[in-house]
Structures are given as structure tokens and as C-alpha cells.
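In the two assemblies presented below, chain A is common to both, partnered first by chain B and then by chain C.
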Partner chain A sequence: MKKITQALLSILLISSLTLAGCQSSDSKDAAAPATADVNNSSTPSSSPSSSSSSKYGESPFFSGKNLPPVLDRLPLEPKLTNELPADYLNLEIGTYGGTLRTARTDVVIDNDVFIINNEPLVNTPGLLGEEVTPNVVKDFKVSDDQKEFTFTLREGQKWSDGVPLTVEDVKFTVEDVLFNPELTPVFPLWLKSSAGPDGKPFTFQVVDDYTFKIIFDKPYGGFLMQLAVQGWRGYTELIKPKHFLQKYHTKYTPLEQLEPEIKAANFGTGEWAKLFISKDLLNTEFSYPKAVGFPVLTPYIQVKSGDKALYERNPYYFKVDAKGNQLPYIDKLESNFVQNLEVVKLKIMAGEIDHSYEYVSIPDVSLLKEHEQEGGYKVYVNNLHRTANDIELNQTFDDPVWRQVVGDARFRQALNLALDKQEIDDTVFYGFANPAAFQGAERDLDKANKLLDEIGLKKGEDGLRKGPDGKTFTIPLEVSTQMADFATLGQLVVEQWKQLGLDVSLKQIDNTLWTTRNKANQLKATIMFTPGPVQWARSEWGQNIWAPLWDQWWNSAGAQGEEPPQDVKDLFQSIFSLRELPIEQAKQKREEIKKNFADKVWYFIHSENIAAPVAVNAKIGNFSDKGWGIAQNFAGEQWFFRK
Partner chain B sequence: MLTYISYRLLQMIPLLFVISVIVFVIIQLPPGDFLTTYVEQLRLSGSDVDASTIIQLKAQYGLDLPLYGQYWVWIKNIILHGDLGMSIQWNLPVSEVIGDRLLLTLLISVISLILIWIIAIPIGIYSATHQYSWLDYAFSFVGFIGLAIPGFLIALLLVYFVFNLTGLSVTGLFSPEYEGAPWSWGKLLDLLPHMIVPVIIVGLSGTAALIRITRGMMLDELSKQYVITARAKGVSERRLLFKYPVRLAIHPLVSTIGWTIPALISGEAIISIVLNLPTTGPILLKALMVQDMYLAGSFLLILSVLTVFGTLLSDILLAVVDPRIRFGGTRS
Partner chain C sequence: MIRKVIVKKSRTWLRLDRSKTVSSPEHTQDLRQGFEFASQWRLMWWKFRKHKLAMIAVPVLLLLYLSAIFCDFLSPTLPTSRFADYKNAPPQGIHFYDKESGFSLRPFVYGMKMEMNKETFRRQFTTDKSKKYPLHLFVKGDPYSFLGLFPTTTHLIGTGNPDAPFFLMGTDSLGRDLLTRILYGARISLSFGIVGVLLTLALGLLLGGLSGYFGGFVDVVIQRLIDLLICIPTIPLWMALAAALPQDWTSVQLYFGMIIIFSAINWTDLARVVRGKMLSLREEDFTLAARLGGASNLRIIRKHMLPSFSSYIIVIATMAIPSTILGETALSFLGLGMQAPAVSWGVLLQDAQNLQTVAHEPWLLWPAAFIVVSVLMFNFVGDGLRDAADPYK
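Showing the complex of A and B:
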């Protein structure tokens, strides 16, 4: 008997929970007509789009969906879209409708959709980092000493389920999630003063219903850039929907009440933190199955997960175009799981995919161009927002002979002089790149040989140069299978450096193995791309590849790794100071860093202005080939289908 | 017979235990774990991953436990609750990930298996009885091509030619409007024409192999003395053929059930990848590549269970169809 009651009780509980889950969407529908009546009681039955002599336009997609009028769905001051700088694109006023089809080869992650959907607190047009403008927040203010940041939310902005967004959501995120050691065991580095490992976490102040302050104890001018573009940060790290997540937080819901759900999710008794994390959604997880039903601020909401994941426009999205039309223009997204990359290209050519940034590379351009007409798409040649494949020699590898040679700046200069950068651009990039000027684009084998002789790397009888220990000095390039062009470049580099009498070899290793070996400081020489030389706003100049131990020492404030020599410390310090400086000063600092990399050749950055081809449905408007391909993708809410 | 079967069933318990341990350990043998791959993937696409997020994910999927701890959690849930665990990469229960694909995989496999039997056995018999006739040569020729060319290559060629001629991509099992839609009459009708290509390609190498096997078995039998005796006694050619040699020639069908059954649900991974079929094969491959050990482990365990049961089944069936095996057992 007891068992039966127990079973009944649990059934009741589960069903009530499911009901509660459904209710959030039901109550929205139920509440909708009520609000609508209040606002235009004079014309109760007219359709929302034509009603209210609204200054805002909306998609016909919403008609008949029982939503409040668009005026009430938008914040008092919606954001006028500015994802791209004015000179990149003549923004057209688009028309509503259509479905954008993308492809993904990962089971859940669709980077095309992720970039379209991502909404940072503040943004930087074109992702260039030239200026910072408000995005999710209406306004921000920075104190003169670069310590105090005041943000104002948009009054009237709502989550995708219609619940208003207020400072309470920020307070919840900061006080109950970020500063809760169970949910955040390690406080994020970028939220400590000047993003330093020894920095103090920020202090948080609520000013009023829509205003809050983030205060650091040291100047942190780069904080805005951290919010805008570093690491594709979204709003989720500082703003989470309290009304949704408090159901899973012990501060708001007693643990006993959570236990059944914790148990249902297969976690141990009392492990509410695991339940909370499994319910919470980071910005990188918008394409996950758990995103269905989670309140968001993004242009699209996931409505169905699976091999073909479906997204619909967010009725409460906060951006409008210059004519006051609520964005996005395109109503739906459809993300198709495809087993492999080549099938993606086939689908592009057959006109079954409308946008692909991820899966098109330079070697595909000629094939894709050939089928543009039949496939109804267009290949835009934009620029890449990072380098494609730099060459790194590990200066902290655990071998005294290797270190002595590679640590000598003259050795690296010699190798740099031996690179035929024009040949690299012609072969690896099919001419869609230029030799990078700042490390010197000229090839000079004589000078390179002279430098090597000077260091004392004498040639032996076999014509190969010997290291200080008298043995043949070998550079074993180990490249990951991540990108096909790593191996192409590797073959060229092997041949070009062999001309100096060096023993160079190339080996391709699996992606995961590469990562493990890189972390364990076991790679002597490799090829990997880095964002630093292109995106100045990011401070990743490949330090973790050409000097893993020094990088670890720096990032752990001396706890791990190995102390770098003074000149490296100075370099790291200047890279690091980018985070503290406000934009104008940071731009100057960047030139300094660039010069340092040119003189010391810490690693080999051989090409610049590398193309990033993008295949896009020819009917899509508001797309241009200016700027970085990824920046066009970031402005996806402005795309529309021409009739 | 019953004691024999129950003895065999008992034997399976330690066998499956050892298999489950080996499977779990081998999946985890490569350096790193799922999160290494995951974090690296995010990092390469430029996303920062907070240290906290990594710690939380580790805890959530039990990756912070030692290997035996992970194994214990996994096997305990399977035995006690029939719960195969969560797939880390899909963020879904394993049963859900596999379940959706199992039906389609089975459909393709079973139809191609039946097709293989229908085509290959008569051809094999004909080839053997008409050895060195021009049709025998023709079938052998086609059969060798089918054996020698891997299915994925034929699939690739097919995809290429169809695209070049029509501009269509022959991939997937459904038209876009039915993809991901709930099952309906329309969806089923839509599926049928899409199945033709995969069924033929999956069946091709199997057909070729079975033709060769049946032909070889038949030739062995046809030259045996009992055939000559029977013929000498005046048994009609047709009755002679179907009563004895054919029955023996199809033995391989029964004796290979042990691996036919798991093959039915594992799907042809590479063909499925080339043709972008939503079957189980590619899912297993992907799971192994990213070390999604609960998905890969559970799936491999299911395959092992089926193999073990299939072997038992084929042993029993062999005894049923072949009196020699039955009597051979009792003599000693």
C-alpha cells in the first residue's frame, strides 16, 4: 500500500512539474490578449501588424499568434542595428519571411547559427574593435580611472517568453551564480581586475531597476572589449533569466523540493548544483537540445532539436532597422546535421544550404564558383578574422640543445628569411593572401645561411647542420589534422628550410593527440593559427604554442610552468596591458607588440589578408564581401530574402 | 538440448562482463577525454571556456571519477535500471540517440539482406549447376566487381554522376519537408524511393559474396558421391538438387547469424557517411572519435550482446537444419 501511495505521489509530482513547464508558454498566450486589450482597446479585433499606428513594423509570421502588439514587445528604446560599420554595407530595408538553411557536421554545435544568434552586452561594429557601442544594454559609462563601469538595461526589454528583463536578472546572475562557489568553483579570469590571475573579483552595485555597476580595484580599460568580442562572449555570463533558473536554485527553492528532479536527472542526492548547471544555458549552448524552452534574448529561439534543428524568430527581440521594423527579417532557421564536410559542399552546390561560413575553404572556391548558377548561390570572398596557419617552434621544450638553438633570435630570423612567403601564398592560398610584410616578406637564403653559421650550426659531411652537441639538428614539425592546409604548408616549409641544410621533417597527428601533446609541452615544432596578428582586440599571439611553459607561468601568476626570461616577460606584459588600456591607447600599444614580433620573430606569421570564402544564397540581401566573413555572419539578423 | 542452452546462457555472463570492461577501457585509452576535445573545439572556433564550466561539465558527466568509478556508474545503471546513460556530445539519453536511427538502420539492412538472399542464392545455384556456361562467367564477372569495389566508392561515384546529370544531391533518406517530421503515411511513401540507392549499394557487396559462397558450396556438394548415387538411382534432377545440395549450400546463412544480426543494426558506417544516411553507423564512429564513452560503450555492448546471442542462435539452428550435427553430438 505504501508503495502505491509513493508511486502515486511521484506521478502527481512529475505531472505537476511537467504542467508547470508547459504553463510558461500557456500563460504567455493567456496573458497576451489581456495586454493587447489594454493597449488598443479601441480596435480590439484588428490584426497586430496594422494596429496601433505603431512606429514599429513586424513580421506577418506573428499574426494570429495572440501576441501583444509589437510596440509592447520591443523595449522603449530598441537597438538600431549597427553590427557592420556603415562603409561595409549599404543597409537595405529588407522584407520579412523565409527560412535560412545551414549545415553542421557536429551533432549539436552549429557555428553559423551560433554567430548569428550571439548577443554580447556591448558590441563593436564589424568586430573590428575600433569602437564599442551598446548592444543588449542601452547605455554604458566608464569612469575616468577605468575602474567603474555603469550599465543601463533597456526598459521594457523582455525575455523570449515575455517576462521583463530587469536588473534583478543581473543581480541573480552575479550574486547567486557567479559568487556562489558551488556553481562557480573558479571565478572567471576576465571578471577579475584587469583580467589578471592575481586580480580581485569585481564588486557589484545595483543603482536602480535598470542600472548596475561593475567595479574593479584596478584600471581595466579593456573590460568593454572583453564583453564585446573576446572569446565570443554573450550576455549569458552576466544576465541569466532569474524567473526560469530560480526554480533550480536552493536559495529560492528548498532542496527537498528539488530532490525528485535531481534524482530524475541521475545526479546524487543533494547535487543541486549539477541540476542547475544542466538547466542553465551558456551562449555557446544555444544549439543544444536543452535550449528548447529556455528564455533568451537572441534573434532566434530553438523550437525543435534533433538532426534538423528548427529555430523561430524571437517575438521579443530588441533590435530594429532604420525604418523601425523589428529584426530579424528572416523568420526561421533550419540547422541540418550532415555526416561529413564533402556532403555539405554537395548540398551547397545543389542549392540545399543557404549559408555556409564554416565549411567553405579556399581550395573549394573554383568548384563552387563553377556551380553558382545552377545552385542559386553566390561565393563571397571576405577576409579571415585570424591567421590561417602560422609556424611555431616551442621555445620551452625540455631539451637544452633545442632550447639553446631555438631560443636564439638569430636562428629564428634565419628561418624567417628562408621562408618563401610568395610561394606559400600561391600554393596554400591559391593567391588569396599576401606575404605578411611586418616580419619581412623578402627571402634571402645567403643572409639566412650566414646567420646560421654565425650561431655555430656547422654543416657536417652529410650536408646537414649540426647542433651544439655535435648531432644533426632536427626540426620535427608535427601538425594536427584539424585543417587540411596545415599539411600543405608543412610540406612547403620542410622543403624551404631544408635549403639551409637543416634536417626538417613533417608528421600529421590526430587532433586530440595534438592538443594533449601541446598541453604537455611535448610538441617541438608545429603549425597552428592565431587570432592576435589580425584581431588586435584579442591577446592570443600563440603564446601557448611557442612557449607553453612560460604561458602557463604567466597565466597562473607563477604557480605553474616556468619563469620566462626578462624580454619575454616584457612582451607578455605589453600584450597583457591591452586588457587594461582604453581603446585608443591600446591601438598604440598594439603597434609596439607588432614591432616586437617583427624583431624577435617569436613565431612565423607568413601571410596576411587571407581570404575567407562564404557561400550564400544569391537571393540574400544585406551581405557584402567587405570585412571579415565572420562579421557578416554576426550581422545575420539583417539578412533577408529578396523576392 | 535444454541443459546445453542454459549452460551456454550462463557462460555468457562472464563473457559479457569481460567484453563490457574491454569496450569501456579501450574507448578511454586515447589520451584526454571528451572534454579535451570539446574545449579544444570551442577554443579553436574562438570561444573562451571558463575554468568553472570545465569543472562543472566534468562533474556532470562523471569525468572527474577514476576509470573504474565511471565504469561502475555506467554498468550499474544498465543492469539496475536499463538506463544506457547520457551521450555527452548529444546532450541526450543514449537510448534516444540510438532509438531514432535504429528503425531506419534495420529497415535498410533487412531489406538489403532479403534482397541479397533473393538474388544471390538462385544465381549461385544456377552458376554451380551451369558451371563455365557464359551466364556463369557473366555472373562471376559482375560478382567479382561487386566484391572488389568497396561500397562507399560506388556510393561516391553514384553521388557524383547524379549530381553532374541532374544537379541533385542524392543524400539522406527523406525529402526536406519530411525530415524530422513525425511518422506519417506521407513520410513512409517519401522514404521508399529514397531507400532504393542505399539498399542497392549496401546489398551489392553482400550479393557478390553470397553468390561466390553458394556457388562454391554447391560445386563441392555436386561432386560428392551421394549426388552421383542419387542420380544413378534415377532421382529427378530438380528434386535431387533441392533436397540435398541446396540445403547444404545455404548453411552459411545460418552459421553466420552470429554476425549478421549485429550487422543489421550497426549499419554500413562509411556508406552512410557518404550518402548522409541517418543510421547508427556514423553515430558510433563519431562517438568513438570524440570519446563519448557512454554512447559508444553502450552501443558496442548492444552489438556484443547480439553477437553472443546470434552465435548461440546459429548453433541451435544449425543443429535443427543439419541432422549430421545433431547426431554427431550424441555419438561421443
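Showing the complex of A and C:
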């Protein structure tokens, strides 16, 4: 053991003497607080020959676990944690130890653990991601023409089972998974040039053991943002553990050898692809039972699945704090399955949960605040860049009268003017939001009525406005039961629009039915989140809801759906160009899009700066009380328990 | 026929009895009004009258149903009217006495002020004693159509001031008056019980009657069907059937769809009783006599058998109403039955499904009180009817 270590150290040009000492005094180091450990190593690391107890600190959790020393477990250049900028969080040096408890109401999906655990390839410190910095990769370069992206992996970085991470893993993921039509029947849109439906898939080039290139045939300046921010993206889309997954890939393992496993997993003969997919782990699946034993790069590894899922720190995690202590600070996560939301709240109030983001909502805050003292937790209500539940009218619904009316921008402007956005914010968000200014926050019923009269929607004897066909024009809102908010907002909208003499109704339908009806272009009017207005790099401005057919046409490059009119095409073009442009230009473009939405009111965006609550153990340090962007920061590894 | 038989019976008994009491003419007068001469229904009524709880329950139920029928007139506002400045407002008290102006015969309510407390994140209400709103009868308010007959704006009680708060039972999170919503909710919830039971009755009578009268193969089939239905736990069965209702139905269609679901399950009890009665009655002499007299099956059932156990049917039907009301409430509460914006007691209780309501807005639980009261009252009435159903015991 000693010999191997020393051999490694000589390669790494670190004092063998120091490390020999370090290894022998392993247990002593572990007992001492990590910070003290770092303080001892005051010698500058630039002089490798000088003696220092260790360059890096580690958790006592690993003592006696027969692991290589921390220096060998970290990459040559570990990542210095940077998830939140200084004005949001003044990072402290934490102390090791403790178990963070969370709760979930789904058997396998666990978003609270996900936001702690996820690691994108590159990340964006700060709330809206204004700048892209390396995360899993050590470095990246973008060619001037925004076509060529060069990524460098961290030398010496290892999977959670100790196997080194190399470009071989990337090559495997790209060539054997992404470009294997059996495993990836539909090539992801975001990996085609400029993320467009007619774009070509990227080409892949290995430069050396730790460097690879991704080349597009057209400029794709937004690619880095795609890697960092879009959706809930992690590293798994470009890096998968080859040494683990090749066992299930016919290129490396003959199909005959796989057959028994395929059979055992209840797949048909020869369906190795299904077996592979069932073994492979996406970044959203870290909390699934199959994650146990799967090599990862995340701060925590699932060690036990089930109702009480357990996660332990990853000994090979690649991040350190400013003093060189290997992160995370907290040793273990414990995720408890509970039957319903109310139980989560009770557990928070009893101090049995240390962090809950997913299951706390604004109406709960007053009750949770009341019990902060007894429960030993704090509730923060911050702008977490939550997407609003916007209101959409389907402009491609198959009914000529409906289309004629709803397709008229004046009609949509009138409805926008009739919305009492202040009341919506006060009622739905308890005042923890602002009326969205860019579509106009003013309410003006007279102007709205005038616009409707102008279009020719005359009021009949019953006081209800008639469509061009002479029949009462009705707007049937159908909202999903997914969120209680939808029905609350729906009831407000119905009443507010009724004041214009319109016949508006509301119906709640099951979420699955909602999805089916939406896909089949059967929803006339509804309420659903759209991330576009909030997260600037996102291209989902609700097109699939307010214009399902046009959206299909666009995404299938004209193969399906219906061709949109020119102004919509232009709008879609500018929305998607956000992906192509470098950040500064993209921001400008975004202002144009916002203006377009203000003029044309494609759908109704009523609120912005929506605050959302987080309940967190009061003892947890390095927790920003100023807010953080969900799915953008993933800074859970920096939290620690104050003594 | 059966009634005649009974009357005959009682007369024989009367003759025996008269030997003791015939002496005074006064007494005879009494006796004519007495139970010896009374009809079956009259006897039932007398016996029912003795059941004190049932006697209390009947007027309460009448009151509830009347207020459900006239809810639009009785309620101070409309169920969809929102008071944006009074969200989650607690119930207000009605006052007669004020420190400054002293006692006044006309009741009044104080003004209220809502404030969002940024510390506790609660909407806090302070009573504003400087503002008094006297209450009036027959005030002008939100327009509605009285029983769907003619449009009017008169409400029974209110302040007459559209901005003044007047929430005897508080408001919900959208600032809607809960009392109004409960009254409107009564329309759906209470009528659901009655309409539901009517259909149950029809099914139960038909199938139970067929089963009991014809016996044999028909009886076996129907009885096994009943066995099958009874052994399935009701709530999951309701839920499964409610989930099977087409999602694009309007709330009226949903209402009747749910009634069909309830009746499709609830008829079993009634059918069993009817069958049992049929089995015993068809062996009776008067049935035989009717049959020998050449009466048709239908006539025998209608004229001879049905009247002799109609009282039992009424009892069972009454007892079935509360369970139907509870069923509707349960399903709506679970989000499977009626849904907002339709207003029923179950839908209203959906708002009270969480911890913070119980802790901070307990008045949202008021609909539960109405459900408890109406179910209890129906049970009392049913109890009284059961005691009275066989007045000859």
C-alpha cells in the first residue's frame, strides 16, 4: 500500500515524506477538525519538497475504510467550489460530519436530493447564470466562430468506485450510446447544431487522454448554456462510466453472454438495448434504486434504496473548499419516504427534516414560521426564479371561429388588459410576486371592452359576447390537477374575464388527460408553467401550449403539424436563436423577444419575481438566505452543520 | 286490502275492549279520535311524535332544505364574488352595543383591515371600531336570478354597502364569503341525497320486487349480484367508478353521473328488504285471495303488497340519504367528485385539507359542521321512522 502510494506521489511530484507521515497518522488527522488540518499545512504548495502534513483535508468518515489517501482520490486540480457569487453567499470553511435528512412523497423521484447532488459539465455561478465556468470539466475553449468546443477533463479524477475518468468514457458515451440508433433512436435536439430541428448532429474528436472536441457545422454559441442551465442537465449526457456500462453493450460483450441477464430482466430475446437503458443512470435518476452501485461523479452515492434511502459521501468527489478540504462537508443524506405532503410539513415542524424545497409552498409559510423555534429550522422566502403558471389560449385549435377570434392580437390584448394581475399575485402568491411588467401590469376594462367591440364581438341580449358566427363565444379553461394553484388562478381568471361579457368556464382534469389533450391539440384554453419568461436561456415560451401545431411543425422541420404564419416563424426563430448566440447577444435578443410578447400577447404572463419558500435546519451553514436558482446552482455539497 | 284487513283486526280487538270502556259517551268521543279508529299513517305519526330527537330533526332538516332552495336570496353575496381586501378573513361578530354610541337596536358589524404580516407571513385582520356598518333586511346587492325565475338584486340581509365586510363565517383564500358558499353548496350536497335516493329506490324496488315475487332463477341471479356488490368495499368502488366518468363532462353531467354511481351500489340494501317482505307477503292469505280473484301480478304487487310495506321502504330510503350525502362529500373531498368552481360541501372542505387551515383558518371547516348536522338529523328522523314504521307492534 505504502509503496503504491509513494510511487504515485513521485509521479505527482508531491513530497513522499509528507505523505508517508500523512498515511501513518491517518486516524489522528481524521480525528482533528478538518479546518485545523488545513491550517497546519500553511506551507505554500508551490514548493513540493517542503514538508506539510497534507495539501487536502478529508472527512473523518473515511478513517479505517482502507481508502487511498485523499490526495490520490482528488484530481490533480480539484474544482474550487463557486456555485454562488460572493454577493449571494459568503462561503465559510465548514466542518465535517452529520446526516442531512430530507423527505419525499414519491417512491423514487427525489428532487430535494437531486438539487443537492446534481453536477453539470459546466456551471453558471449566480442566480441567472450570466457566466459559464468549468465544473466537471477542468477547462473549456470555444472557437471564435462558435462552432468548436474543446473540453478538458480533470486529470486524476475518478468515478465513485475509484476507476479513473478519462476521455474513453466520453468516447464511449458519444460513439456507443449517443450515436447508436438502438440506444438513442431520436438524436437529442440540443446536440444538433444550433439546437434546431434541421441541424446536423455534432462531430466528436478525441484530442488526447483528457481532451475532446465537440464540433458543430453551424455556430452554436448557446451550447455552453445548454450544458449548464437548460432543464435539469447533468454530466451524464456526455460522460458515462464505460467500465461499468460496457458489460451491457453488445460492442464489448457478445449478445449471447447478455441473454441470461436480458431474460432475467424480463425483456425479449435480443433486446439488449432495453437492458442497457435499464442499467444506465441519467442524472435525474440518482435517487432510483438502480443507482446503488452505479459509479457517479456526484458528491453523494446512494448506498441503500427503499423507503429510507441512504446516501454517503463520495470518496472521490472532485471539489474542495478554499482551504483544500474535500467536499461535501456533510457525510450522509437520508431521504425518507412519506405518504403525503402534510406529513412533510409535520416533520419539518418537529425538526425531523433538515432541508425541504420541493414540498413547501407559500401558503404553508405562516404555519412553518410559527414553529421555527421549536423545530430548529428556518424558512426562507426568496426569489428562486420559479416559473409562473401562465395562461394560454390555443391558437391552433381546430375551429375556424375560435381561430379567427383568438388569432386576433387585439383580442388577446383585451384579455390581457382585463386581468387583475395585482389580485392574482395577492391571492395565488400571497403577495410574494410582482405583476409582470413587460406585458403591462395595468388593468383597463374600458379599453379592453373597446377592443372587443372593435373586433366585432358584440354583446347579445343575455349580456354575453357573440363570436363571428353569431353564437356565444366561450372560453373553456381546462386545467390540470397537478398543482392546486392552477384551480385557484383559474377561478380568478374566469371571474376577471367574465367582466368583459365573455363566457368563460373552468374545469379541472387529471394531469395525464391534460397531457394527452395538449398533445392532441384538444385544449382550447389552459394554465401551465412556461420557463421562458423567467430563465433567460430557456427556449420554452409555452409554444407547445398556445400553438401546439405550429410548435410541432417547427420541431419536426415541417414534417408534422401546421406551418405557422410568418410573424410566428420569426418569433420562433428568435427564440431558438437564443441557443446559438453567445451570452451577451443572447441577452439582447431576449429583450426583443420580450417586446414581441408584449405587443402580440401570445399568451398571458401575469407574474414575475415569484418567491418560493425553503425550509432548512437553522444549523446549516453556507446556505444563501438571498435566494438561489433551482436547477442552476446545485450547491448542496457546501452545506455543513454548525456546532 | 291489507289496510282493510288490519282495520278489521283492530275492530275485533276494539269490540273486546269496548266492554270495559263503553260506559261514558264522552269517552266514546275520545275513542273515535283514539288509536282504535286511527289509520295506519295516523298511528305512525303518533308513534313518530314520541321520538323526541326525530321531532327536533324534522324542523332542522326542513330549515336546511329551505335554505338550500332559497340560498340565492338568503346569502349575502354570490358564491363567486370576491372581496380582494378580505382574503382568509375570520368570521365577524354581530354587535348591538358600541362604547361610543351605546346600545342600538339595529345590529351592526365593525369594519376590518387586512394586513400581510411580513414577519409571520400571515394575513392579519384588525377590527376597525371606527367604522360601523348597520345591518339591514332586504338590501340591494349582487344580481342573481331568483330560483331561476326572475332577476333581482335583493338579498335577505346585508350592509347594503358593496365594500363593507360582512362575513358571518369568514372568507376563503380568494376572499369569498363562506356562508354564501355553504348555502349554495347545500343545494348540491342536500339535493344529491334526495335525488340519489330516488334512483336508489327505483332500482331497489324493481330488482328486489322481481327477486322476491318471482323467486327461482331470477332471485338467485339478483341475490348473487347483490352479494357481489356488497362484498366490494364501497369507497374504492366509488373511486373507481368516479374515475371512469368522462373527464369532459360538465358539472351538471358529473352530478347526475355520480348519482347513478351511488344508486348503482346503494340499491342492494333496499332490494334485500323488499325481497324479504315480498317473500313473506306473497304467502299471505290476502295475496292468495287476490290471485284467486284473477288479479294480475302487477296489480297484486301494486295494490296489495306494496302498501303493506311502504313504511319500511320510507325508513330505508331515509336512512340511505345521509350515506349518499356523505358519499358525495367524501368523493368531492378526494377530488374525484364535484370540482371547483362547482360548489358543494365536499368541494369546500377540499380547501381545508391542509395543516395551516386547521391551525390558522379553522372557519373553513364550517362545511363539516353542516354535513355533520344534516347527516345526524337524517339519522334521527330515520330512527324515529323506524320506530314508527310498524305501529301495531
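The criterion applied here is as follows: the second predicted complex is superposed on the first by the 582 of 643 C-alpha atoms of A that agree within 3 Å, B and C clash if a C-alpha of one lies under 4 Å from a C-alpha of the other, contacts with A are read in each partner's own complex, and residues count from 1 in each chain.
The rule we apply is simple: contacts are C-beta pairs under 8 Å (C-beta built on N, C-alpha and C of every residue); 3 or more make two chains touch, one makes a residue touch a chain.
Worth saying up front: this structure is predicted, and the values here are computed from it rather than measured.
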Room on chain A for both chain B and chain C (clash or fit): fit
Message: Looking at A:170 after the superposition, I want to know if it touches chain B, chain C, both of them or none. Which is it: first, second, both, neither?
response: neither
- request: Kindly classify A:452 by the partners it touches after superposition: chain B alone (first), chain C alone (second), both, or neither?
  value: neither
- prompt: In the superposed arrangement, does chain B or chain C reach more residues of chain A?
  reply: B
Task: Return first, second, both or neither, reflecting whether A:491 touches chain B, chain C, both chains, or no partner chain.
output: second
Task: Check the residue A:245 against both partner chains and state whether it touches chain B (first), chain C (second), both, or neither.
output: neither
Message: If we overlay the two complexes on their shared chain A, which of chain B and chain C does A:109 touch? Say first, second, both or neither.
response: first
- request: State whether A:426 touches chain B only (first), chain C only (second), both chains, or neither.
  value: second
Message: A:534 in the overlay: touching chain B, chain C, both, or neither? Say first, second, both or neither.
response: neither
- prompt: In the superposed arrangement, which partner chain does A:346 touch: chain B (first), chain C (second), both, or neither?
  reply: both
- request: Please indicate which partner A:370 is in contact with in the superposed arrangement: first for chain B, second for chain C, both, or neither.
  value: second
Statement: Min C-alpha distance, chain B to chain C, superposed, in Å, is 6
Task: Could you list which residues of chain A make contact with chain B in one structure and with chain C in the other?
output: 346, 513
Field: Footprint of chain A on chain C - complex, ascending
entry: 80, 82, 84, 87, 116, 119-123, 173-175, 247-248, 250, 335, 339-341, 353-356, 359-360
- prompt: Once bound in the complex, which stretches of chain A touch chain C?
  reply: 341-342, 345-346, 363-367, 369-370, 381, 420, 423, 426-427, 430-431, 481, 487-488, 490-492, 494-495, 505-510, 513
- request: Write out the stretch or stretches of chain A touching chain B in their complex.
  value: 106-109, 111, 183-190, 230-233, 237, 266-267, 273-274, 277-278, 282, 284, 288-290, 304, 306-308, 310, 336, 338-340, 343, 346-347, 349-350, 352, 374-375, 385-386, 482, 511-513, 515-516, 531, 538
Message: Applying the document's contact rule, which stretches of chain B touch chain A when the two form their complex?
response: 30-32, 36-37, 40-42, 44-53, 55-57, 59-60, 77, 83, 86, 89-92, 100, 159, 163, 167-169, 171, 176, 179-180, 272-274, 276-278, 282, 286, 291
